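To start, the structure itself, in structure tokens.
For reference, chains read A, B, C and D in written order, and residue numbers begin at 1 within each chain.
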Amino acid sequence: MKYGYYPGCSMERNAIAYHHSTMAVAGALDIELQEVEDWNCCGATEYFSLELLPAYALVGRNLALAANQSVNGNQLIAPCSACFLNLAKTDHYMSTSPDLADQVNEALAAGGLHYDPGSVKVRHLLDIVVNDVGFPAIAEKVTKPLYNLRVAPYYGCLIVRPGTQKSFDDPEYPTTMDTLMQTLGAEVVDFPLKAHCCGGHMTQISENVALEMIRRLLKNAADYEADVIVTLCPMCQLNLDAYQDSVNKLFGTNFNIPILYFTQLMGLAFGMRAVELGFGKEFVSATLALTKIGAEPPPKPKKKRPAKGELPMPAMPEEDNQ
Amino acid sequence: MSDNGKPKFGMYWASSCGGCEISVLNIGDKLLVVDEVFDVVFWPCAADFKYDDVRGYPDGYIDLCLFNGAIRNSENEEMAKLLRQKSKVLVAFGSCAYEGCIPALSNFTSKEATMEAVYLDNPSIDNPAKILPQPINKVPEGELDIPHFYHTVKSLDQVVPVDYYIPGCPPEPHQIWAVLEVVVAGLLQGAELPPAGSVVGAGQVAVCEECPLSKHEKTIDRFYRPWEIDPEPDLCLLEQGIMCVGPATRSGCGALCPQVGMGCRGCYGPLEGVEDQGARMLTALASVIGVGKTGDTEAQLEAKLDKIMDTIVDPAGTFYRFSMAHSILKRAKVNGHGAKKGEAK
Amino acid sequence: MDKKFEPLIIGFTCNWCSYRAADMAGISREKYPPNVRLIRLMCSGRLDPTFILKALAGGADGVLVTGCHPGECHYLEQNFKAARRFSLLKRMLNQMGIEPERVKLVWASAAEGVRLAKEITTMVEEVRALGPLNWPGVVAEDGNGYVAHLAPEEVSA
Amino acid sequence: MSKEKIGVYVCHCGTNISGTVDVEEVSKWAGENLEKDGVVVSRDYKFMCSSLGQELIEADIKEQGLTRVVVAACSPHLHEQTFRTAVKRADLNPYLCEMVSIREQVSWVHTDKKIATEKSKSVIAGGVKRVAFHEELEPLQVPINEATLVVGGGIAGIQAALEIADSGFPVYMVEREPSIGGHMAKFDKTFPTLDCAACILTPKMVSVGDHPHINMYTYSEVEKVDGYVGNFTVTIRKKARYVDTDVCTGCGICEEKCPQKVIDDIFEAGLGYRKAVYRPFPQAVPKYPVIDTDNCIYFQRGKCKACQIFCPTEPNSIDFEQQDEIIEITVGNIILATGYDLFDARRVPQYGYGRLANVFTSLEFERMCNAAGPTNGEVVLRDGVTTPEAVAIVHCVGSRDRNYNNYCSVICCMQSLKFAHLVKERTGAEVYNFYIDMRTPFKDYDEFYQKVLEEGAHFIRGRVAEITDAARMPGEEGKLIIQAEDTLIGKQRRIPVDMVVLSAGLESRADAKEVAHKFGISCSTDEWFIEKHPKLDPVATMTEGVFIAGACQGPKDIPASVAQGAAAAARVLSRIQSKELALEPVRASVIEEKCSGCRICNNLCPFNAIIFHEDRMVTEINPALCQGCGTCVAACPSEAITGTQFSNEQILAQLEGLLMLDVEGGLVSMLEPEMA
């Protein structure tokens, strides 16, 4: 499977671990990523709130380039949620508002470019992994299952945002990464805040607000005794990882939860060496957590007999079809 | 102009392949009987006659005139009118005269495109000067006027009134003979002739009645080109997905084609009282296509339909192979120059 | 011609759904262009392609075929037969050079008066944009019996 | 020149038509321009449907010897019968009258008077040319079998069955579950009067049970339906109970002794337990238990037989060898009262049902409140002991939501109010209702709303975003937090509670489409059964002889279901009383001489009316089974099949008429007639 690839700026710096692990995993799953040549910044989240049209034009350029360098039906992968959303929504708004499309294309014309809305299909890396590759194929690749590792899957607020396009997962309560982690043998903990905001760039604007948001996430994961939080977005990873210390200082807590990329855990389960997967780049070291990974799957918690008078819980769908 | 009291016989070859002429010869030694009974006064294919001979005959001089071929150009039309005038009984002989037949397939395109296909855009032609036949040509001797090529091929009865129709491409010899017998009886013993305008020398129901292959309830899931499948013997071809226009085609041929594994092409034309053979076959065929059941969404339905319809190659050409000129639409609407058959417009 | 072309469209309706939908449109005073004239059948399954050809040959500029939504046929599954015929007919009409917009299939339940009205309006505009079909004109011999000489450079590919 | 003498009658319908159509002009035009088509008289009149209007037609038929009549007025669906009867009174065959609609399809939908007038002319021309090909017909009389099948033993079905049986006609009732009673049997109280559901339902159930005219098939399903109105043959599968109902006394000892405890997903909504041999509930009708083989130890592991061992009856009532029974009955009419399914709250993951212990569905809560339920009417948390101090009730779960169902489930508002009241009454807890709009339209409903307000229940107008146990602020620990926007104060709110009740919406039965297909009726896009007319015929369906009642037609509360059940019964009774039903003579038939035996048509008929005679190699159509759709007529490649009232001649003639004038009224250039 070959796709166009828009790495986005973080992949080159703070999310280098995401980059390495993505490349490693992609290789293992025969996903060929052809980087868009001469791509530029996606505008992140700020630019759109400052100057809309230039922001769209900025992203429009990337789309135009991707379209010209068409790969496999113009499918463009973005591993970063912000990049993904910006690309997807620009394409969406350009196709729903001809005026905008004209204005953007007017701007692009200056650089001898043009973009026909809808011609590029923007997709997030997770989407590709779970839908194009699929769980069975992934299961086959698993050589070192992540038994006993308690994982809190954290999706963040961007990738499943409804409206811009048909979301590949439930916009309110996504579950694909949960299933992915189970496929890798890990134990997935309930993580109600899985789609809540990580604070984004609020750390730069009003740090305490951001830290409170981060605290909630860490606390929730801690409450459910997660060993690691697994993310799919450099921004989320950065906030939860780099600011964990500040959170502890500010709130007098002592969270110590490593924040990893789902691709890193996939790599591990595929039996790859930690170094090729960019482990060690994280602030909160994952080493301790990873030692928990056992050779044997944890014993299935057997259904305890309900205490006298206790009311039965409704069966969940997956339990149904067992 | 001999007058031996014998009824006068004429046969003319307009726009057609000539198969009809051959099929008359195929009645074998009965041909001698024809010669015995009739006085052949016009039959360019068999004997040397000139148009002027015919022009010289008094009106209604020819007792029986078999006219084969469609009306493709001004010459065909002129002769049709002339022979109508000179004949007592004018018979549209064979599919071309009856309903346009193969020549009328060019009604799917423009005459310009036809010319191009024949004289320009054609691997076996070397015509760098791109010369096309011109109806009016200046030559030292003066001006030559050759027949004008028409835009739309017509059946005989679209230019002159016709007494009888003998369908078939070509008509089956035994049917030809049967008709001749009737006419002879009529002309000599004054026996009653069939009502004018009727189709003679053919059956009243569809080919299936004559077809020995076993038939069942039908559901067709895909169609096969003849080369794609080795048909079961004794089983209705349509049920095997082999295109067969038999159900919408008049019997009389003896269902020859289906019996050798080749679906009926429909040359005996529509059934009594049916105006448009193509539409009948289309509706019948589509009705038994195995697509569409409760539960299908509208999108699924369309997708499934497209899939199977794609296996029906050239529907119009298939359903109107012989009856285009006589169909309700008669020809295709061709926008602009050089449009080819089957092109979306 | 500066006057607006008024297409004439024949609509075939099913007694149980689309004809009632048309009634419903009337009852709710839903306005739509007067270019469509309806024929009531018991079911879209009754629709013989011959009718459509006749309509087009007889001077109609378009034909609207309507029936119950798939799965909602009053006769259980006859609208599927209609769909099959329509699908094949469309391909044939395409070969006949008849623009797809001229012959349209619309599923409309008895309740969808408003929708039917909208569909009719759209179709009328589409056909108006195409201009007259004038089939008699299509069939009529073009007068000059010969092909004008094509100078080499004039020949289109 | 037509041999017929046709009369054309154009109706003004007050100003309904004449307001937009120049009626005089139209009738004048028809008189002058359709003469060659046989029009001998053409009139317009203020109200053709009035007795005076009808007499006008009758007079002309008698005096001018009209042979055909065309009435241009409203939709034939409204007045075709009226004018046919008028024509009949004048001794002309009623089917020689054609009605064309110039109201619904002209005057009401167009504005330009000139154009509307021209359209009316063409429509009439179509009618005139068509009517010439009409033939004399007689309506088909079908006898009506006195017996009626009621499918579904919920309150709607029970009502319908009793109405019919009480008037002395036989009724078969088929119920899928082991007992009749339906959803209502599970409820505790009924809004707004709060009287106990069981108390008002059980008497009705009992009278169904021992009614001399009602034949009950519980734990049974309809397999197949053949035939047509007046004479259906219905095949019923009576599932094996493994209990001999002839000897069983319903003492319940087997149930007591059965060692196998099973979660009861049906009656107890998963909140309580039953045994492997069980009666859904104490007042079950019939009183006999069934063995649930999926959970029965004997059926699973081949030993136990406790029930048999302890069964006191002689001979023993437990019969492990019992087989499903296939029963065939014949009925004249069918009433479908198959009810609804509860929306599966797990489909809204952010509400945590199934994940968060103390999130309950409305049905679970109903059982909890029920004195005979798993908690004996105690309102407690999942642990079975703790009484909640704060309870949230979320409205419109799965309803009025583009992600699930757009429609309003009708009962949820009142049900939620009832819950609010019950919580207050039984626990005194704080109650928070989260609603989109309060809908309390019927008798005494809004008063009940007021009452609950006074009881101090809180109402927050806004959709719940999520229900979570992720505490964020002090006071949230160990609670369920409801995050919602209060649209009245325009603020996000987080309200910690101990218990959440999801007022799940109503959905059509999972197998609704299948059932609809079985009985030859149709489903809406939401898969509710479609009634014949949304206003004027809410209990009949497009299929003669099949009626619908209760929630299978759309969300309904108990009063509405009962009313509809009774209404359906009334419709059926009138049918039975009149003994015969006249059907439109729209039928297809084969012209044998033209049939080549190609068998194209053979599998086109869903009513199996088409038979093929191998011996003569021709096809024949059984008029009794033919429903007149005309599909085979259109399919026959030989035009060997014709259909009454919709023959090719009739349709093509109408087409010709419709194409007489163009939109502005100019003559349309028809395809030049062929020579010869």
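Heads up, the rule we're going with is that a contact is a pair of C-beta atoms (placed from the backbone, for glycine too) under 8 Å apart; a residue touches a chain by one contact, two chains touch by 3 or more.
Just so it is clear, the model here is predicted, and its values are computed rather than measured.
Q: Going by the touch criterion at the top, tell me which pair is linked by more C-beta contacts: C-D or B-D.
A: More C-beta contacts join the chains of C-D.
Q: Would you identify the chain whose Cα-based centre sits farthest away from the centre of chain D?
A: B
Q: Taking each chain's centre as the mean position of its Cα atoms, how many Å separate chain C from chain D?
A: 33
Q: Averaged over CA atoms, how far is the centre of chain A from the centre of chain C? Could you give it in whole Å?
A: About 50 Å, centre to centre.
Q: Distance between chain B and chain D based on Cα centroids, please, to the nearest Å.
A: 55
Q: What whole-Å value do you get for the distance between chain B and chain C if each is reduced to the mean of its CA atoms?
A: Those two chain centres are 30 Å apart.
Q: Provide the list of chain B residues touching at least two other chains, using ranges where the numbers run on.
A: 280, 283, 287, 294-295
Q: Residues of chain D that contact two or more other chains, please.
A: 513, 517, 604, 631, 634-635
Q: Hey, what residues on chain A touch two or more of the other chains?
A: none
Q: Between which chains does touch occur?
A: A-D, B-C, B-D, C-D
Q: Applying the document's contact rule, which stretches of chain D touch chain C when the two form their complex?
A: Going by the criterion above, the answer is residues 75-77, 101, 103-106, 108-112, 115-116, 119, 122-123, 126, 513, 517, 520, 522-525, 530, 534, 542-543, 586, 604, 606-607, 627-631, 633-635, 643, 646, 648, 651-652, 654-656, 658-659, 662-664, 668-672.
Q: Residues of chain B touching chain C in their complex?
A: 73-74, 108, 111-112, 115-116, 120, 129-130, 132, 134-136, 148-152, 275-276, 278-280, 282-283, 285-287, 289, 291-298, 301-302, 305-306, 309, 312, 314-317, 319, 327-335, 337-339, 341-345
Q: Hey, which residues of chain C end up touching chain D in the complex?
A: 6-8, 10, 16, 19-20, 22-23, 25-27, 29-35, 37-43, 45-48, 50-51, 54-55, 57-60, 68-69, 71-78, 81, 85, 109-111, 117, 134-137, 139
Q: What part of chain D is in contact with chain A in the complex they form?
A: 263, 270-273, 346, 348-350, 352-355, 357, 361, 364, 374-375, 380, 382-385, 466, 468-472
Q: Which residues, counting only chain C, touch chain B once they are in their complex?
A: By the definition above, chain C touches chain B via 48-50, 53-54, 56-57, 69-71, 76-77, 80-81, 83-85, 87-89, 91-92, 94-99, 107, 133, 135, 138-139, 141-142, 144-147, 149-152, 155-157.
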